[in-house]
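Two complexes come next, and they have one chain in common, chain A, joined by chain B in the first and chain C in the second.
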Partner chain A sequence: MRRVPPILLLFVLIPLLVEGFWVFWPALQGFWLALTNWDGVSAPRFAGAGNFSRMIDDPVFHTAVTNTAIWLVLFGGLSAVGGLGLAVLLQKERRGVGVYRAALFVPVVFSLVATSLIWQMLYQPGGLFDSSPLADPDTALYAVLVPALWRQAGYVMVLYLAGLKGIDPGLYEAATLDGATAWQRFQHVTWPQLRSVNSVVLSVIVIDSLRSFDVVWSMTRGGPYHSSELLSTYMYATAFQSLKLGYASALAVVIFVLAFGVIVTYLVRAFREN
Partner chain B sequence: MDRRHFLRVTAAAGAGLLVSSTASCATSASSGPVAQTAGTVSIQSNLSAPAAKAAIEALVKAFNDRKGSQASVNTVASETFRTQLPSYLTSANPPDLFTWYPGSLLKGYEEKGLLLDVSDVWQTMGDYPQAYRTLSGKVFVPTTTYWWSFFYRKSNFAKWGVTPPKTWAEFVELCKSLQGKGVIPLGMGAGSDSPWTASAWFDYFNIRVNGAPFHRELLAGKHRFDDPKVKAIFTPWREVLPYTDPNGTAIGFQEATTAMLQGRTGILLTGAFFADAAPKDALDDIDFFRFPIIDPAVPLAEEGPTDGFFASSKSPHVKELKEFLTYAATAEGQEVYIRNSSGTILPTHPKARDSGTELVKKGRRHLEEAAEITQFFNRDSSDALQPTADAALVKFLQQPDQLDTILATWQKAAEQVWSA
Partner chain C sequence: MSNRVFHAVAGTISVLWLLPIAAVINTAFRSFDDIAANGLGSFPRSFTLAGFADAWTNGGAGAMWNSVLVTVPTVFLSLALSAAAAYALSRFEIPGRRTIVLLMLAGNLLPPQILLVPVSKLTELLGIYDTLIALIVVQVGFGLGFYTFVLQGFMRAMPNEVQEAATIDGAGPVQIFWRIVLPMTRPALAALAALAFTWIFNDLLWAITVLRSSSVMPVTPALLALQGQYVSNWNVIAAGSVIAAIPTVAVFLRFQRHFISGLAVGAVK
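Let's turn to the complex of A and B:
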């Protein structure tokens, strides 16, 4: 076996140390804090599983979990379907297609906080609607979802465009020669060839939907009266408004377990199929 | 809650990392207190609105020009300041002074030994009324204050042919009359990022019906939010709900201010700070009247939030920072501050001159006439209790018939906060 040059080792070890100190270590501390009561100032008091059992009776937590599930399905599902649809539509090189791709990608470039401000203006009473959908507890969550999707679809589109570029055009030629319809070509060539991109997209949308925060926080702050609360906004409010950092860390652990669970399940299945 | 909250939140910092966000934001010392230079007092300020930022910078400059100790100010966004305050105070090398307000949060930090005892500074503040001393304890130096009331435009009232009311009955009459003229009588900006403005209504109904002592006890957890006495204050509130802007829970504070200034709504219950954002030519046209008396037997109370400074107990510049606090508490220091601010703020020093406009002179009398001063919901209780009030009151504004459920939920949520 060839010796690894020391410079390469350095390139690996230094980022690992930095990552370990700034990411893994605080993350581990987060797990520990989830088992404590902590106000951010005095020493954390060990509380065992108290924070987790408290979630069972916490109505806001229930709302946040339900909303997060809705968010995961709608935000994840619609952005994946929409992104794939746009990518398939815009994959062929023809005149002006770059303009469309760029236009759809532009929202990704904006800061989400800026995006929220723009949409807040659109939602103003007397704007798109007579009364603001952000103020109505029945519509607030969906009203926030729209700008989030508006952005995410462009991002997913770019991922799929890259995936589509990687497919051998010969496969399509062969399929066409065999008389396959456009739908059959998609079903039997495009979709199976996109498998590796799919796992990337899945991870991205699961993580992005569980960490969706800025768009909700800047538009509704989880309100009116918690109706658009997600686990992430509830975690933030618990940590930095209520200063209950132990309970907030427990909420963060729940978010982590959810994200990790979904992704690992998918990856395990994907590997088995291989 | 006050003008410090008005900057749109850019709190994306907490969003990025899943588990590590709660941990790293709160535990790492990376939250950047200002660099300490020898002998210079560092002031961490959350006064990020342009007028207030200019005022504190002018105060620091005037202090430095005295050729005594030197100070420097570091302004950060108010939301960052609020979330990072525990980190600042527990870091090894915190800033020396902080802008803030008195209340339960400071009391908690004081009990943990994080705040410097500034009783010596109070020795130089003999002119100050006892109320400020009681409010501040040993750790806080108040420098400015302002008032809440119903604001309106004089020209609009003249046009509509109405006059400010004194009693509750006159107030309801005024609302009726304005509605008859096609104006939305009562502005409200409890949507968007300012649901807390609804608490001003709650505070006022409570101090008018039940009085300030009951109000403070309620906010300290000594009464229940589903107490019949609390429920009673929603009866007069319900009476004026039909006159309240139906978009009041959809628009924010700024939009509500604009609506009042443009004459789409008649009057707005707000703090004098709203004038910071008002166009200059509108300022001379603004007047106010106090929240009408409901029960004449209840001693008159007004909301008059107070702002000022506190110091970290870890500061190596105790002598220098006390010199600064002493200066900030003088009439001279406060006059420098007010001259450079938007001018609707009041000094805490009884002999300091205010900006001298009719509005401010009336505002000063307005507070002096009150037998009791309350601070504001979150200041008299805690920032942690404020979101429980926001949820309850916005829901009340939208679904007033759900009052019993709302108050029961509020009580439960409040107990969670008090038990933490």
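Let's turn to the complex of A and C:
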């Protein structure tokens, strides 16, 4: 560490200004717009907390919140459990393990749009089902969830594999010598050692769940009858299809508030490691 | 777990995982008449590249070119700017450096929804709405915080002696950055480049927020449009999906190790 030559201030200032202009400044505007009614053409009209009180009586908002909660639990929970299970299964280096890991990881590099087209094809009547589960309001959300999980599980697996790599193999040998069963080894060796990875995975799945948009938008646009609507898709449709920009911004603020706790936790951890 | 049980379990899961991909490839090479007569689920009774030709000539080629025009400059600019910031923030006593790093990271963690409306209006105001420039600058701005965070962590771990020796030899801070620090950062840059490439190439949300005309749409949003155009021509849609997946699969296979290590290091997205 040394004194700072002036040119290095530019090294920091330019990126900071770019991010400030395209992220921080729009974010502040977003919070402000949430307090207005705006059609995008005439000037925004200040509405105070009106947009937020409107949500109370908005049935689509209720559906979107419920679905987002279901999404958080199922998409987040199942990808975490599944990813951990796969990582433990494929933890040990042995013949063929690289092929299995790659097979499970391949979907991660597909775009969610491509993923959703693949699954829409599988869902066509006469494929996996007699009629498409995407067309039925009772099943649409879950039919969208499956492809999202198909893609996310491999990603979470990679995070856990990296964490498992850091565990001292001696611990397993000692546990085996003491006669520990596979489950006991997991319970008393693996799990306690995964604490920091678990908190990373938790932040990742919460942030990813709240961000989920592409897969729902590609498969159902939130339909039929808003049955697969998430807050993110409802926000987008409100902004760019209904052109209620103030209400859409208020919906975005709700998403922000939900994500806020996790973002702060993540930053605190980053701060400590820094 | 014995070897036989392990391979049975892991093999079964892997095959199940790959089945949807096998199905889409199967469909992509079949003819429309074959699918119409025998159904989507049947084994192929035809082999044709017609689906690929249709997808490619009906917007696919243009969309691929748009994706190149967006992805290459975005990856390059993002990494250049964040490497510069990371260098200054990790190797020098910039006032408030920890706060700056975390502020930049915080920007990347924001849910993009809060930015969509203002960003789309901002691009209109600047007269770049519906141009690839808009998509590039937005994605550079949004990604910077994450890349800077990862790179500064990497650069901080470098030994001080190298920098000191170079200083004694009369090298300035920019030369040290260019000749010493950047080359030593190559593994991290490669990992981030591979990740950034897939993120940007696969993006849908930013593209449909700042773009409207089909002539400027990159591959991912164009694929959605293709589906609207070829509602039940599943061979064309399947071929389009395969084409859209080829670049990222290629990057993954080529940079597999970098890719995986990048995901493990970052773990934000």
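Here is the rule we use: the second predicted complex is superposed on the first by the 247 of 274 C-alpha atoms of A that agree within 3 Å, B and C clash if a C-alpha of one lies under 4 Å from a C-alpha of the other, contacts with A are read in each partner's own complex, and residues count from 1 in each chain.
Note that in this section a residue touches a chain if its C-beta (ideal position, glycine included) is under 8 Å from a C-beta of that chain, and two chains touch if they have at least 3 such contacts.
Here the structure is a predicted model, which means the values were calculated and not measured.
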{"item": "When chain B and chain C are modelled together on chain A, clash or fit", "value": "clash"}
{"item": "Partner chain in contact with A:F213 - chain B first, chain C second, else both or neither", "value": "both"}
{"item": "Chain A: partner with more touched residues, chain B or chain C", "value": "C"}
{"item": "Which superposed partner A:G40 touches (first chain B, second chain C, both, neither)", "value": "both"}
{"item": "Partner chain(s) touched by A:K244 [first = chain B, second = chain C, both, neither]", "value": "first"}
{"item": "Which of chain B and chain C A:V253 touches, first, second, both or neither", "value": "both"}
{"item": "Touched partner set for A:L134, first chain B, second chain C, both or neither", "value": "first"}
{"item": "Contacts of A:M235 with chain B and chain C, given as first, second, both or neither", "value": "both"}
{"item": "Partner chain in contact with A:R151 - chain B first, chain C second, else both or neither", "value": "neither"}
{"item": "Contacts of A:G223 with chain B and chain C, given as first, second, both or neither", "value": "first"}
{"item": "Touched partner set for A:L122, first chain B, second chain C, both or neither", "value": "second"}
{"item": "Contact residues of chain A, present in both the chain B and the chain C interface", "value": "22-23, 26-27, 29-31, 33, 40, 111-113, 117, 120, 124, 207, 210-211, 213-214, 217-218, 232, 235-236, 239-240, 245, 248-249, 252-253, 255-256, 259"}
{"item": "Chain C-facing residues of chain A, complex", "value": "1-5, 7-9, 11-12, 14-16, 18-19, 21-27, 29-31, 33, 40, 86, 89-90, 94, 96-97, 99-100, 102-107, 109-114, 117-122, 124, 126-127, 150, 154-155, 158-159, 161-162, 182, 200-201, 204, 207-208, 210-211, 213-214, 217-218, 231-232, 235-236, 239-240, 245, 248-249, 251-253, 255-256, 259, 263, 266-267, 270-271, 273-274"}
{"item": "For the chain A and chain B complex, residues of the former touching the latter", "value": "22-23, 26-27, 29-31, 33, 37, 39-42, 58-60, 111-113, 117, 120, 124-125, 131-132, 134-135, 137, 207, 210-214, 217-218, 221, 223-226, 232, 235-237, 239-245, 247-249, 252-253, 255-256, 259"}
{"item": "For the chain B and chain A complex, residues of the former touching the latter", "value": "8-12, 14-28, 82-83, 86-87, 89-90, 108-109, 112, 114, 191-193, 195, 246-247, 249-251, 255, 383-384, 386-387, 390-392, 394-395, 398, 409, 413, 416-417, 420"}
{"item": "Touch list for chain C against partner chain A, complex", "value": "1, 3, 6-7, 9-11, 13-15, 17-18, 20-21, 23-24, 27, 39-41, 81-82, 84-85, 87-89, 91-94, 98, 100-102, 104-122, 137-138, 140-142, 144-145, 148-149, 153, 167, 172-174, 177, 198, 201-205, 208-209, 219-221, 223-224, 227, 234, 237-238, 240-241, 244-245, 248-249, 251-252, 256, 260-261, 263-264, 267-269"}
